[in-house]
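We just call them A, B, C and D in the order they show up, numbering each chain from 1.
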Amino acid sequence: MANSKYEYVKSFEQPDVLLPNTWIVIRIDGRGFHKLSDRYGFVKPNDRRALDLMNAAAVEVMKELPDLCLAYGISDEYSFAFHPSCQLFERRSAKLVTTIVSTFTAYYIYLWATYFPDTPLQPGGLPSFDGRAVMYPNSRIFRDYMSWRQVDCHINNLYNTTFWTMVQQGGMSNTDAEQELKGTVSSDKNEILFQRFGINYNNEEEIYKKGSVLYRQYQLEDAKPRSEFSKAEDEEDVPGAPASRSQQDKIRKLRRKAQVVVDHVDIIKDEFWERRPWILSGKPGKLPAEAK
Amino acid sequence: MANSKYEYVKSFEQPDVLLPNTWIVIRIDGRGFHKLSDRYGFVKPNDRRALDLMNAAAVEVMKELPDLCLAYGISDEYSFAFHPSCQLFERRSAKLVTTIVSTFTAYYIYLWATYFPDTPLQPGGLPSFDGRAVMYPNSRIFRDYMSWRQVDCHINNLYNTTFWTMVQQGGMSNTDAEQELKGTVSSDKNEILFQRFGINYNNEEEIYKKGSVLYRQYQLEDAKPRSEFSKAEDEEDVPGAPASRSQQDKIRKLRRKAQVVVDHVDIIKDEFWERRPWILSGKPGKLPAEAK
Amino acid sequence: MANSKYEYVKSFEQPDVLLPNTWIVIRIDGRGFHKLSDRYGFVKPNDRRALDLMNAAAVEVMKELPDLCLAYGISDEYSFAFHPSCQLFERRSAKLVTTIVSTFTAYYIYLWATYFPDTPLQPGGLPSFDGRAVMYPNSRIFRDYMSWRQVDCHINNLYNTTFWTMVQQGGMSNTDAEQELKGTVSSDKNEILFQRFGINYNNEEEIYKKGSVLYRQYQLEDAKPRSEFSKAEDEEDVPGAPASRSQQDKIRKLRRKAQVVVDHVDIIKDEFWERRPWILSGKPGKLPAEAK
Amino acid sequence: MANSKYEYVKSFEQPDVLLPNTWIVIRIDGRGFHKLSDRYGFVKPNDRRALDLMNAAAVEVMKELPDLCLAYGISDEYSFAFHPSCQLFERRSAKLVTTIVSTFTAYYIYLWATYFPDTPLQPGGLPSFDGRAVMYPNSRIFRDYMSWRQVDCHINNLYNTTFWTMVQQGGMSNTDAEQELKGTVSSDKNEILFQRFGINYNNEEEIYKKGSVLYRQYQLEDAKPRSEFSKAEDEEDVPGAPASRSQQDKIRKLRRKAQVVVDHVDIIKDEFWERRPWILSGKPGKLPAEAK
């Protein structure tokens, strides 16, 4: 081939395969969304349209990539998780992260008009996202990652809800509200909301307090006693050697059949994981009767 | 902060800073564009609308990221180049590659209707792109990379032009055309085009034969003798120590002022680079009189 | 500091921190030991002096680096294992692997004369070792690694024992022996040894059949039922968040007190690990009464 | 093969190939040499026996690895440089760095008795070294690295010479000497040495002031004007595509013929490099008449 003189440049491409048998989380973040939320008039502290658009885009990513077993979104950020047994794209980091970032962006732009019918996108200021891949060596640490994001959601949302209530309903300046909130703990903020504005934070919408959890829906299982659960999770369900290509294809096919649901629930406690063992096991569950 | 119990998971994020003082090329590729070009009825062998859309999206990427000094596109692939002196995002690989992939995707989807007014996008089949970052240690190897892509453009386009002419004008089946072209060299294909179909390949459009080169437009310089050029390129223009943040900002500002042009020219020979020394030097040139 | 003009070159040093909470195995191999064993007249198939020297050097490595929790040696190769909780040298890969390779080499050369009193080292042909670090995400895969090495030991030793018996006692040429062994399975080799030479392979020395296992000696525990064992291993004993520096120092001190023993036992079955739970847990056990 | 059940663990070994066409520097450092120099009674500020031993070990490393084109040593540290065209061990980082660290350590221990005939090594306190590999994308930056080390040598040696003279000849306590030197610049230290002790720092031995430079000796060339030199260095002598295996072997053979010399000269200015163009070009020069 006449091309050979220059083809040596391919040797500069370095491998970026992620360690086998680890959880892979791809977290994407909106680029410059602070400025962007002003430009497009996002409602404070939470713009329901913007969150629904994030979730809709994430659902499409889950549908296009059946290897994904969980996604969790808050604000302008989304975490997508691949099971340790995942072999997609031979676990090449850049391939995994760019595929998710690009697919998410495509749907976000495409679906924008559905969620913001009166606010057209402006060239020169299109939304975009960056992302990265991180490995977690076992289910417990993976769950700690997810807990970290949900705790962050809670902390940020309580702060933002209090801050914007003080500004919007209390007529305070941004600076004064910020000043007063400095150093406060959760109970202080709950108190401000309740005493001054009659707001019970517990009654706020779950999507704001808990974020959005996406997963494939199978028949829920009864919660199991902890010890049994741990054993199943760590020992039996994650074989060391990778599945064959045909096994992988079969599992992908089964996953495509399951519906992707958007939930706003606690993912810190065990119950969520115990009732949906297919997430940590990586093995598809039983389809609900109605979906068969 | 109440968050601390889970925050240790941040320690699993591994650094991915690219080696300083190397050229960074981000190459993105359309995902499944073979199938996608069927779905949306792309014209064979080259769909001008699709190429113009690729170029339009790439121009926007160049505008949003003034650190980019060159881009080169063929078919459903685009290479974006950062100069060795680039410090953008502290040269973090995932950040660079996802920002480009996402921005490109956003504009590709957003501008689709402009270039395909009669062919709306279909949910479930949105275009998306993957990408990767590669380092090249010096200008010569970087130019060899660019030459590699342009030679590839030539080889593919000559093949595709001949193949589709045999099918579309010659009434051959795909299999027969493929069979006849097996083992042929360039001159054979030129001959087939000329003898059977009266087509002089040299008269084909430059955008198909050369691909698309994007760069910032400054006043062209006279071509310099080779030895002088090399010295300037390798020795003086790429200082080892990084520029200060304020210098970087100043250079970015100057780059934003220059127009991004789309060209279809030879980038294998020296002339292109000698007349546009700002590309390899990383230093903005003089703005053309009319653009000031 | 006058040095600053050149100090920017430090920015080219790239981080190489290994993923937290994974097992780290440093495997070192003799460089050109085939040739070297000829030069120094190693006995075939196994030179006890050479193996004892390897083990003596490995014991010193274990003593100098209390963070090591296990080592396994066969032939001219040694695997050293750090527990997932290990924070030594901030888990920098090059630092860990070079420290072990250098310390091992130093003792190998220093102790040579003890084990080869009549065979002085020759300048221009000194023994040396290369090495690499590999991560294993959980205890099961780590044990599979160890099993892999011990199975390799068995396969190689059975082959070598049969081959050299055929040559040394059977008077066959190397080529003929190699030819006859091609395609044989274990039982064939056992048969050759027993039928032709009256050798029962099971009676060969354990150090040749099993390799050498090094670990710190604490009071052995009773073998536990499997389910309990797994739970302890995977769930409770490996906290996600790293230990504090003072905790690490305390553990190191306790480890230094334990004796490093050289054993030749099965490490594939559960029993070895169940009776020595401190290896997989990373927590020092109880010192034997006599050692207190 | 019966081994297959566990062999999957090999998939956890991750590639670590260094970027092609970059300079590779392996820098090794003595581990805990501050304490070690006390234990073995090293003379302050410079122990000539210890430096000669370092150099002797480094010469053996250069001899065993003909791919090395330069080494530079100061105190208990040594930098070994591979040319960008080097293909040794397919440029695998761990293999390169451990081979050098292990070979160096082996000779250091082996040759110890030659340089310290009256100070035997003590088990439990053997010298060892760690190391790391760093890439430098071009000759200018590689030279800046070398300059950095030599400037460091000068700064440290001037400080140490002054400090130990104040202590040993001036009878000051360590603390007092340290206190007085705090904040002083080079001229201050020169002044102290000259005024108080009649020592002209310029007359100190070159090995202490300049460190030790190791390279293969060919016929020196006349110093060339700078512009010509740069061109040769950066453009012609480092082809992008790698040399064939037989070319590499041929070059290695030629290199083995050249003598490795230990020099104590300035490597910051151009002259050293211009007169020994084979170092930056990677091409063996002409052997000196007497060595043929």
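Assorted remarks:
By our rule, a residue touches a chain if its C-beta (ideal position, glycine included) is under 8 Å from a C-beta of that chain, and two chains touch if they have at least 3 such contacts.
All of these numbers come straight from a predicted model, not from anything done at the bench.
When the CA atoms of subunit C are superposed on subunit D, the rotation angle comes to 180 degrees, reported as a multiple of 5.
For the pairs B-C and B-D, the larger set of C-beta contacts lies at B-D. If you average the CA atoms of subunit C and of subunit D, the two centres end up 32 Å from each other. Subunit A and subunit C have Cα centroids separated by 42 Å.
In terms of their C-alpha centroids, the spacing between subunit B and subunit C amounts to 50 Å. Between subunit B and subunit D the centroid-to-centroid distance comes to 42 Å (mean Cα coordinates, whole Å). Multi-chain contact residues, meaning those touching two or more other chains, occur in subunit A at positions 8-9, 12, 14, 19-21, 135, 141, 144, 240.
Interface of subunit C with subunit D (complex): residues 1-3, 6-10, 12-14, 16, 28, 31, 60, 63, 93-95, 97-99, 101-103, 105-110, 121, 123-124, 126-136, 141, 144-145, 147-148, 151-152, 155, 186.
Put simply, subunit B touches subunit C in their complex at residues 5, 8-9, 11-12, 14-15, 17, 19-21, 240-242. Residues of subunit D touching subunit B in their complex: 19-22, 84, 135, 137-138, 140-141, 144, 227, 230-231, 234-235, 238, 240.
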